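Data block below; observations after.
Order of writing sets the labels: A, B, C, D and E. Residues in every chain begin at 1.
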Amino acid sequence: MNEQLLLGLLVVLPFLGFLFNGIRFTSKNYKLAGTVASTASGLCFLISLTLVAKLIGMPEGERVITSHFFDWFLAGDFSVSASFLLDPINAVMILVITGVGTLIHIFSIGYISHDERPSKYFAYLNLFLMNMLILVLGDNLLVMFVGWEGVGLCSYLLIGFWFSDPEKAAAGMKAFITNRIGDAGFLLGIFMLFLSFGTVTFSEIATRLPETAEMMWTGPITLACLFLFIGATGKSAQIPLYVWLPDAMAGPTPVSALIHAATMVTAGVYMIVRMSDVFVLAPLVMNVIAIIGALTALGAATIGMTQWDIKKILAYSTVSQLGYMFLAVGVGAFIPAMFHLMTHAFFKALMFLGSGSVIHAMADEQDVRKMGGLKKYMPITHFTFLLGWLAIIGAPPLAGFFSKDEILWYSFASPAGHWSLWVAGVIAAGCTAFYMTRLMCLTFWGESRVPKEVHPHESPVSMTFPLIVLGVLSVVGGWIGIPHVLGAIIPGHPPNVLEHWLEPVVRMLKPEHASAAVEFALMGISLSVAGISAYFAYDFYLVHKDRPTMVTKKLGGLYSLVSDKYRIDEFYFGRIINPLIDLSKGLWLYIDINFIDKMTYLASDMVKGSGQFLRSLQNGNLQQYALYISLGVVVTITYILMGS
Amino acid sequence: MGVDLFEITVNLVKMIFIFVMMVNAVPLLVWVERRGSAFIQNRYGPNRVGPLGLVQLLADAVKFIFKEEFVPGKGHRLVFYLAPVVALIPGALAFAAIPLSMPIELGEFSQIPLGLFTIDLGETYGPYRFAFQGYEIGIGIVFVLGVSSLAAYALLMAGWGSANKYSLYGALRASAQTISYELALGLSLVGILLLFNTFNFKEIVEIQSQALTFSFLGSQMTVPYLPNWGIIYQPVGAIIFFAAMFAETNRLPFDLPEAEAELVAGYHTEYGGIKMNMFYIGEYGHMLVASALMVTFYFGGYTLYPFFTPETVNQFWSETMGLTGNPVALLSSLSLHLVFMVKLVIFLWVFIHVRWTLPRFRYDQLMDLGWKTMLPWALANTILTAVVILIMRAAWS
Amino acid sequence: MPMTEAFLNVGLNHYLILSALLFTMGMIGVLMRKNVIVILMGIELMLNAVNLSFISFSSYSGNLNGQIMVFFVMTIAAAEAAVGLALAVAIYKRYKEINIRFFEQLRG
Amino acid sequence: MTELIPVFALTGFVILFGLALVFATSLLGPKTKQSKVKQLAYECGLEGEGADSTKVPVKFYLTAILFILFDIEIIFMYPWALAYKDFIATGRGLFIFSSMAVFLAIFIFGLFWEIRSKALEWE
Amino acid sequence: MLGAAIPFYILSFLVLFFAYKTITSPNPIHCALHLAITMINLAFIFFGLNSPFIGGVQLVVYAGAVMVLFVMVLMLFDLKTEVRAFSRGLFSSFLKVASSGFLAGILIVGVLMSTDMLDVTSDSVGVGVKATSSTDIALLLFNQYVFAFEVLGLLLLLVAVGAVAVSRIPGGTHAND
């Protein structure tokens, strides 16, 4: 089969699955629904593998597969076609999306078995998969935007999947509205790029970039990048638009794993990497991105230390990890960003699924204070979760270690980097180690605080199998991107496969004065910070259980500030949303009613009046009608004669 | 109408002569009818005034003119007076369009030989070509049909102008009957058109003046002893045409409009004197037209193939009688005209004979006959003709 | 004398002007008469005027399509007269009225 | 136009002739006193109401409508019959026949529908 | 020249005169009769315009059928001569007459202005037509307009059915009342 057809199938298969489940959405046959959806997803994964294999088979530097389906619209010189593009960057993405997606589909079969509307759930999942693939595969910004909006829609639908609970429905709306703000920014960015380049196709932008950059003032590009970044903050939950992600945990846990950890939230990162050629022309924006990323990583990590809800902790962890990725792209380390995106997808999906397994076992209990000692009830879940924990805190040689340290190294050494960014990253890494260890202690270790009526049990195979696979990936996933300095000392000298893979298509800002010694030193510092933090957490929550309260009391206001998530939501409501509502009300009550409504009334009155007049003309008098016709003829003929 | 005074005069005189012939045929026909009916009914008929009562009708005509003028009190004066005038028009116009003989082709001449002495004209006239008819119209059939369809106006005007309910009923019956039978009439002519492919009477007659010639499955067949008459191809069409013509003329057995028992005298109840006579002129004019059309369409017109055709007649006068020049043309035309008149008289006699033979229809029978019998038969005749032509001409090859 | 010439030299324009006048008369009849049937007659008059234009154009340009068109127009005019009169008779039989203004009352 | 002059002339002559006859009787005929009774319409002695208010069966009019429609259909057959052999000569005989066959099928259907629907019944 | 002009002017006069009488006669039957005369005269104009077949059809269809129907229908009606033949309303009447008159004027002006409408000289009546035979019309009709011809057959059928149906409605001509 040719590549174009396969690229199309990549989108068509999930759509067929969506149709199949969407049409019979009232069915409760979760096995059938899940099997169909998983099959669609699994076939996509196989296709992705085939495609990537083909890409690998191509000569380096020409690894591109394009597929043109139809011309979407034409307006003068400007044309947009519905076409796909597959190159090394989104090859990584489609593998992650379809691979992790398939595992999560399989996991969902068990997870959703007791639900009312399994068909609908799987229909949404497939729809999400389709839109995500459109987003990733689109060869121009508008096709990407279609996917961008589509995944937003699916996210909304899945967060509010249990819409009968008003809180969950509200969470869905919050996610959607927050995303709208970002989307508006993204759209503005597209417009700006179109203004600057006259095209929205990636390849054409890339070809026009050098000349444009030389002859033009980079202001518009900077502005465009800023807008695009706003879009990215919306989708990828960065400051200031991150508030929706913790609330998005209201959705089913596999959804959190797929959408809100592994794939959708990384769309912003992917987009910036895709547009990296443009972004490097706007150093100011790069700095902003780096700072925002660092702040997000730090802030979210600190909030994560104070949460008690297992999914909330993971959500803040996600925000924090996304902050890392933005820090990476901000300092020009696009390949480490993609690397971290991939490894994070593995271990965070693993941990979310693990937490889902726990929640499933605890009969929908999410508070970690009511858990503990689950290790003996759920050995597989515990073991895989353990792997995820090790990966995220950066224990070598697991996946997180390599990617995180790469990012930290670049934030220090890159031309766009700065030592303060590195410090923030290291502190965030410490916090990460702390709250993750805390999570492990409270959930799996120590004595059981499980209520008597709950009987925790190990999950079925359909749920543990994805956990195992993801656990393995969390261990080995990092080995494709081993940094050169480490590769140099490890026996066998493993190469940095990922960097090699992405290098031809991604322009990176290389550290100017790379020194192996400095790199090893920094690595050691961050490792030891993480280790110490982990130890402290272990000490606090398993050995000296009174210390947390003591520390809390000592910190006082600061602690409550952090545990209240820096009162960002309250700030938004008090300073932005409510004033906006008041302003709107004012506009409605005064301007709308007094002026705009009056104007519409005037228009309607005019229509009514003319209607009354015309009605008197239409009085049923045939001869009058004939007169009108004849007058019309007279006028027409007069006009024609005048013209000649 | 003509290039010089001579031609114009001849044409005008000829036209008026034909009209007067039509008008004068009326007393003659009435005499024939009365004598004939008397013969059929074993009576004497008019036999006092003149030899065989021939002058009776002349006396009647004079009497009509001296009758008192009369208009019904509530009648519409203008319409009442105009109706008989209108009644004259269709017959006259239609009859004038039918060729009564072949055209007279005159060569140049400067004197008129009249047997014993000649008139010297002083200058040379000619050559001329005088059609033996009122006027030549290319689309003769359509013209005649159109003109005779105007006959309904006279009836309606008479009935309405009289302000008499019997007149009105009579007029409506007459016109409804006329138009109903016009369908069968028109449809039966389609067969003739299929055969001859022309609207022109003269061409139709010329085609019929040859030996019977037709194609049989694509090959030409000729029967030298039979004339190429329409009746041989279209017997059913001829019967339908003739019957419809009876109805058109409102004569027995189709004289419902003047059914005495029901409607007094139909649409001319209130008419008397010469005005009533004018309706008769119209009716007999219609009869003349009908007979002339029968002759023209189905019986060879002014020719009778083996004996009287333009060629044979010409040959007779020029070779047997030894004449040359204009007299030959003149005499040939006149002799063919005689042939035509003989045929015409035969058909007129058939008209009269039928009138005194068949009883009158009831009105519903009349309409049923027109719509449910003759129209379908005419249709079948048309289709059959088309199919036969298709087969005989081997149209598929 | 060019004026006499123009009058005696009957051409296309003469027929067209005759057609225009005829059309106008029909139009006045349609617009002004009260009797539905007379209005139908006015329509017939207008159609005839149009037919006259068709025929004169056809004759002066040697194009027979005009005559075909007139043939069709006549057919349709006859059909229109048939239906129009049928309706007029139906309404008259029921309401004893053929004034066009009365027909305004017949709104469904 | 010129070939029509005889037609006009004949029409004019016929009209003049008719009018002259009508006029002649009114000149030559006896003038007697017109009385009301004499001017009555010949309606068996009852005072007639005049043609204006005579009620007429509407069947006449339905017959006339159907006549118009069928008359036009028959008029359509005339050009067909005229061109029939020309078409056959150019080898399109089946076309011309089938085109009229369709038309005639419609015609016959209409005729039989009218007969079946009793629109042509007189009592 | 005179030979063509005299019949034309006589016929035109008759046509216009009887058309005028058609729209002004107070008695509808007179209107119908005048219209019939108009139609007959028009038929002769068609004859004169080298279209004898159409002239004949005009005689058969219009004068012989349609106008007979009109006269018959008018005789069915219980019609008094209209006291006021024209509809009321001074202003609208003025407007109607004015617009009609204006239309006539503007059409005539338009005709006179566009002398080059056809590339024919005014005295070349029928020059472009070489022997307008009825067969030519027949050939054209069945070569180019076969479809329209069939459709018209269908239309006539529908009208026949419709006329019978209308006559069946309550109070109609064949209703059982």
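In this section, a contact is a pair of C-beta atoms (placed from the backbone, for glycine too) under 8 Å apart; a residue touches a chain by one contact, two chains touch by 3 or more.
Keep in mind that this is a model prediction, so the values were computed, not measured.
When the partners of chain B are compared with those of chain D, the chains appearing in both lists are E. Listed by label, the chains that touch chain A and also chain D are C, E. Set against one another, C-D and C-E show the most C-beta pairs in contact at C-E. Taking each chain's centre as the average of its CA atoms, chain A and chain C sit 75 Å apart. One finds 34 Å separating the Cα centroids of chain B and chain C.
Each chain gets a centre from the mean of its Cα atoms; for chain A and chain E, those two points are 79 Å apart. Per-chain Cα centroids separate chain D from chain E by 17 Å. Shared interface positions of chain B, defined as residues touching 2 or more other chains, are 137, 142, 159-160, 168, 172, 175-176, 179, 182, 186, 197, 199. The set of chain D residues touching two or more other chains comprises 1-2, 5, 7, 51-52, 56, 58, 60-61, 64-65, 67-72, 75-76, 78, 82-83, 86, 107, 114. Residues of chain E in contact with at least two other chains: 4, 8, 53, 57-58, 60-61, 64-66, 68-69, 72-73, 75-76, 78-79, 87, 96, 99-100, 103, 107, 125, 134-135, 137, 141, 152, 156, 159, 163, 167, 173. If you check each pair of chains against the touch rule, the ones that pass are A-C, A-E, B-D, B-E, C-D, C-E, D-E. If you check the complex, the residues on chain D that touch chain E are 1-2, 4-5, 7-8, 51-53, 55-56, 58-62, 64-73, 75-76, 78-80, 82-83, 86-87, 96, 99, 102-103, 106-107, 109-110, 113-114, 117, 119. Of all residues in chain E, only 87, 92, 95-96, 99-100, 102-103, 106-107, 109-110, 113-114 touch chain A in the complex they form.
Note for the complex: chain C touches chain A at residues 27, 30-32, 39, 100-101, 103-104, 107.
Residues 79, 137-139, 142-143, 145-147, 149-150, 152-153, 156-157, 159-160, 168, 172, 175-176, 179, 182, 186, 197, 199 of chain B are the ones touching chain E in the complex.
Considering their complex, residues 3-4, 7-8, 10, 44, 47-48, 53, 57, 60-61, 64-66, 68-69, 72-73, 75-76, 78-81, 125, 134-135, 137-139, 141-142, 146, 149-150, 152-154, 156-157, 159-161, 163-164, 167, 173-174 of chain E touch chain D.
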